[in-house]
């Protein structure tokens, strides 16, 4: 298990992504052989984590002194699991619409990238903590289910352990 | 504050060092300008942390299932502070002799490298945790005090908060 | 991120190297805006040394594309590879941009 | 870490690139042992592309140096730079190895 914790600002994005990239190349405690499949898995995982990092720094910590972003990575022969925890504002991913790609949007693509590239995406809203869990399987997953190329993961929304306080959103 | 936590085996050495290298280039949340002084600081800090990582993986976790190595980095305009924590065997750095460089030793150089390159080296022995604290100042430090080139940091030995158990070493 | 703009008659070449993300996208914005304001008609974006892109980076390139096209110009992408290629494909931009 | 050995008459060139540390030092050991066993007399170690070394890596090179010297041979280091240069200087190996 690898864990990297950085301040929740974009300046640390690159550092966190480098750790994730390195972690995708480890199976347990051994480095795996380079391969096109590994490169693809790395590219997709780094893309998803990068978008999630942006969202925490830009949205979850918007207008407040940024807390930390805690990134936990578990990588074995079957899959890579990344858990990203923040202490900022929560949101409800199920309300985020799929972008209309034909209209050439200039934003609103982050969650789509995350869902498309990952096999499982789970968001547990805080407070006290929001946890986004991404799972990418190493073995080739099921065939793409979308009509148009991208295979989107299902997003499960959980409610985090709520504190019994009045300031819950 | 940046934190990276990895299993205490050599396979994760490189990953941890990459984080430390990146961290030396940050001052607070901004990347600093490249300079020869920064390159030297990075080389020396990475060297020291690399030796300390080796020592934990090889000596502290010798003969036991390796625990984790927790690396905490704080970097500001004045200095870089790295704290490395392990849960393995403790040792007493004051008993480690300075290597006889003229005899061309093939080992026993790790602690010498750490002490020479860092401005402050503190080791707090556990259990439950051993904490090695390294401080490297960004401003040029005092002139070398050793007769022969290397300026060695003083090593302070502290005793960690001991648990009142009989199995203390 | 590093970039270089080179004009050659009616053609503009914009090379973007390294990482084009939420950190560096704002740095390339003014360059893109200038290309639009000057109504350049034949723009080639060379991403052969682009290592990593995110949705913010894509946003800047799409913005360039749409505005140049609005003036009757064209934006081509060359050199796309690795992670940026995967992102362009996912967002179906490989169908939008002429990639010679 | 990557390495390459090349013999040219009495001369042996050993190039070590990347990171020579506690992880990779054991990988280069057999190569060094072979150079010693074959009693090569003029050995040059090219560290021009060595990015990072630790005390284990230094140990291997010192071991090569001492054993080749014991057979009346010589080990030269070329290309030392950056972090490896700082380590060699600290350990006063820059005075030991002829660096042309």
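Some points to look at:
Just so it is clear, A, B, C and D label the chains in written order, and each chain counts residues from 1 on its own.
As a convention for this text, a residue touches a chain if its C-beta (ideal position, glycine included) is under 8 Å from a C-beta of that chain, and two chains touch if they have at least 3 such contacts.
What you are looking at is a predicted structure, and each value in this text was computed from that prediction instead of being measured.
Any chain bridging chain B and chain D, meaning touching each of them, is missing here; the list is empty.
Averaged Cα coordinates give chain A a centre that lies 26 Å from the centre of chain C.
Distance from the chain B centre to the chain C centre is 44 Å, each centre being the mean of its Cα atoms. Chain C and chain D, compared by their mean Cα positions, are separated by 46 Å. Residue positions of chain B touching 2 or more other chains: 11, 14.
Under the touch rule stated earlier, the contacting chain pairs are A-B, A-C, B-D.
Against chain A, the residues of chain B that register as touching in their complex are 1-7, 9, 11-12, 14-15, 18-19, 22-23, 26, 29-31, 68.
Chain C makes touch with chain A in their complex at residues 19, 21-23, 52, 54-56, 58-60, 62-63, 65-66, 82-83, 86-87, 89-92, 96. The residues of chain A lying in touch with chain C in their complex are 10-11, 13-14, 17, 39-40, 43-44, 46-47, 50-51, 54, 57-58, 101-102, 104-107, 109-110, 112-113, 116-117, 148-150.
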